[in-house]
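Some structures are shown below for you to check.
In the two complexes that follow, chain A is the common piece, with chain B as its partner first and chain C second.
Right, the complex of A and B next:
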């Protein structure tokens, strides 16, 4: 009878082992490191207790980064989750049947392009002298709107966020398309008989039916927004000054540029707690697992 | 039970596979060939190829040594080298900037003392320009061998200057005057890009040295001297002088990277730029005869030595954990030989730190002039971002980016710098 109890664990053992070594062990180590002060090549670590966290909470750059992450989250929810859902509903509507596969590809294409390529592409689009965006604005007679999008404190982070929206909306849209395709046709027919128009059908049939997917999509975008790194790092490097710093770039700069490994670990711990909180709140709100 | 047995066997197999990988990696050094790991910062052409060729030539001369090269570009190198040196298996031979950047490794006990090697083979070491050893020397011991040397100067487009009837400026007010005239003619006077903020540090470094007295700088830049608190008013003046140039830069400097600003100059769209002398090799092919160079203009009322230049060597160091210091040294000697130094300028346009390697045969006239700028300067100083502690550099560069964006005044930037200095030197 022993085998009944042991064998299932053996099956998941390799996965558990890999997860343990590459995910859980580093998380625990990171938590421990956040109480020390050390550099990458110095042999000794100095225990400093909560000092790293205290410094962090007094660091104004941390709040700039946190604010930028929240902007990232809010804008991503609006554009990616809501926008993606609307796009998916439009593309799944019988009216767009003949063009939908074409647009599906168009919107999904940015997802498969490497983020580095995209960031370089957009640094050309945003270029103050020869950039496409400024040229377009000039062409439209909006010359006073042209600016160094990535080079000014007010616009830098939003220019970066815009790139992420452009890239990721196709992915979220695809998730919703799959969810919408699984909705039984009868529901729509019944709604039609009851006299519901397109918008009512969207609100009362589509949205409740894709609730599970809505949860997944918000979870993906929210955790994505708090762990974002590539886009701001390549496009602005956190600059000008610290205007477009996010927690990810702050962590990276502290660890590998300033060589404050303990401080960086503290930032990582804060990011971990933040993302855990976000997903806990969501699980409560969406009451996931109980379909319907 | 049978299933359990199979699962057990599989686990054993899996484990042996993992350990198997480990042991096979360890045995490669058992044979007679010695493997050296070389870590440098040039994964781009033409330098990548230059080093590949050099490694191959060296391996032919020393069949028992095999060199494994790894390369990461510039800013990433600064980050990665710290991490790999801290690991249990650091590279044997690695590239380093001079000054504080190198001293960091020395203080963390990651650099091998090379003084004896230098003294025991004067035939080789005597050929290297002596002043270039200094920024690799700490407390009388030398830890790095200078591979290349480079300086900072203003480059100008002779054609634009001639068309507008201008002379290269020698003082700061002349520079402003000239810039105004160029701007009036509808041309960008000075090309600049501060997206990667190290470009800022080159301006700041030179201006500080021209304005602030030498002994004050020595005190302030020293990470262990708590008296150096960056409180001299000259530092604010330096930032103000820098901001005087701001109206003459191209648009949106904070979103422009250095390569792009160089292209503006290459394309004749800008009249001047603050470049490294090694970049002559990258600009001359486009501008040819029209390219001219002048030293950083002196500043009226500045307390530094005007006959000076920001010029520093970049060099090669050996890890203190290496098992083969002799062989590693042999490799460095090969890279810093006169023969290699001569090739170096021609192939990758880096000035070798070896005497007499810049000649009419391998260099253009301008490159010869450039190396004279370095050799004739009464005083040279290091790149600011490698001469000062990284936290202070960070405060400086972030602050200056915001200053360029109109968000901070020079006084506010210096307040941040002073706060950073206080933290570092406590």
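Right, the complex of A and C next:
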């Protein structure tokens, strides 16, 4: 008979073991690795102190990547958080109720499709010769706007960011729909009696009532923006040149292309610190908002 | 649970009778315009993928807007034979194993965390939850080294084990919430009958919480089927690649054969779309209690 003291640990142990080995241990190792220089297949590591970080902070590609990640964050907040909230509010409006479950399902569809599928689909859509986007612009008489969206350094990163928005708005929208459905109906009725229209009801009832979800959604979006890898990697590989490089692709290229594992670890450490900072600032803002 | 109730109530609530129906219909026009605009933005590219997956490359180049002159189902057979079938099998193996392991281990963990009183319980809970905040990108290099050191690089395990580890936090959170709602009396009477905690777990907790376990399976399946980065890096052999990484190879192999490539994309996306359409309820419940993406 096992003692009651040991039993709960036996139930939790498998989870702890797996997480310890594959989640926590690598994070700690990554910190250590960022002070070394080494390659993928050799066991030798050379301690280099802060050199990886110093090189990184002098690397102009790092700043291009950081700038692109910030663009990612700003655009994602506008489209996913704000756009998602507006779509959710529209779908929860009594006027649209008879069609809302249909639209909800369609808007959510891109979320469940693999990013590889979506990115490859969009490489067709952005195709300069026969792509959907250029054909559409031509059709609308905006021929001078047509271009090789992924091939030109000014537009590449924005074309990539657009794909991420297309895929993810539906996800954030669904989170807001869940939050809006929890708002007591009396609040809307009271606002209606006070003569509030749809826009006022949105600003004065919906937004304050979904504040908590607004926090969660912002956190998810920002963390996603600073760790993004799939979309840029598949669509442009960071190119042309380094124009659409983000921290994630920079990390990948350093580690698995140039075989600079220590340098890649330093990039990962920077990403970790950035995401932690974002979470901390968010929590702080959210707390003060709560008190006030 | 509550969210579902809320959804159910909403859908079965009769629309409130309003005296000015005409006015509210006019007010609705901007709302419907936005919905229809966004519907086109989302649905048209998907529709474009569907119709062009049935065309020859020449026809796509000549006219990618029109319906196919003749529907080339052979594109699908061609895609299936050009590698998709292998990727599909790999994805299925990895996804099924990951789902079963994740949900089983998380249920065990959730049971340990909810039905016992012991020192350090809260610390353990925090350790489990904090894993959710960490994104896999950040530990890519050490994880790669670790997988080499364990000798599982380029095997199914190189994907399954990290997937399970990264999915455990959210899944424990999900299952724990449901386990907390199971009344104490149920297990107490079982203990009086002389049952062990294991019997209580397998005979009471598992059967009683099947819906939430299913939610865990659906969310894990969605994550695993679509995961790209690990799939790209931890497996090298063509024969072991899952769909997201395999599609990159597939694209290079088919450079100019667009119709077949699109058919391959369709096949790859279909299982999760179907899972979503049939299990929407579980999907949304999972999102509601987790609120954390992939």
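In this section, the second predicted complex is superposed on the first by the 271 of 292 C-alpha atoms of A that agree within 3 Å, B and C clash if a C-alpha of one lies under 4 Å from a C-alpha of the other, contacts with A are read in each partner's own complex, and residues count from 1 in each chain.
Assume a residue touches a chain if its C-beta (ideal position, glycine included) is under 8 Å from a C-beta of that chain, and two chains touch if they have at least 3 such contacts.
Note that this is a predicted model, so its numbers are computed, not measured.
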Check: Should A:87 be classified as contacting the first partner (chain B), the second (chain C), both, or neither?
Finding: second
Next item on the list: Based on the superposed arrangement, let me know which partner A:40 touches: chain B (first), chain C (second), both, or neither?
Entry: both
Check: Now for A:24: first (chain B), second (chain C), both, or neither, which partner does it touch?
Finding: second
Notebook entry, point to check: More chain A residues touched by chain B or by chain C?
Noted result: C
Checklist line | Partner chain in contact with A:256 - chain B first, chain C second, else both or neither | finding: both
Notebook entry, point to check: With the two structures laid over each other on chain A, which partner does A:10 touch: chain B (first), chain C (second), both, or neither?
Noted result: both
Margin query: Taking the superposition on A as described, I'd like to know which of chain B and chain C A:239 touches: first, second, both or neither.
Written below: first
Notebook entry, point to check: What is the contact status of A:153 with respect to chain B (first) and chain C (second): first, second, both, or neither?
Noted result: first
Next item on the list: Mind sorting out which residues of chain A both chain B and chain C touch, each in its own complex?
Entry: 7, 10, 14, 40, 129, 256
Check: In their shared complex, at which residues does chain A touch chain C?
Finding: 4-5, 7-12, 14-16, 18-19, 21-27, 29-30, 33, 40, 86-87, 90-91, 93-99, 101, 103, 105-110, 112-117, 120-122, 124-125, 129-130, 132, 135, 166, 170-171, 174-175, 178, 181-182, 197-198, 213, 216, 220, 223-224, 227, 229-230, 234, 248, 251-252, 255-256, 261, 264-265, 268-269, 271-272, 275-276, 279
Checklist line | Residue ranges of chain A in contact with chain B within the complex | finding: 2-3, 6-7, 10, 13-14, 39-43, 123, 126-129, 147-153, 156, 236-237, 239-243, 253, 256-259
Checklist line | Complex contact set, residues of chain C against chain A | finding: 2-3, 6-7, 10-11, 15-16, 24-25, 27-28, 31-32, 34-35, 38-39, 41-46, 48-49, 52, 60-61, 64-65, 105-106, 108-109, 111-113, 115-116, 118, 121, 124, 127-128, 131, 133-135, 137-146, 148, 161-162, 164-166, 168-169, 172, 197, 201, 222, 225-226, 228-229, 233, 243-245, 247-248, 251, 258, 261-262, 265, 268-269, 272-273, 275-277, 280, 283-284, 287-288, 291-293
Next item on the list: Within their complex, state which residues of chain B touch chain A.
Entry: 1, 3-4, 7, 11, 14, 78-80, 82-83, 85-86, 105, 108-110, 194-197, 250-257, 260, 264, 390-391, 394, 398-399, 401-402, 404-405, 407-408
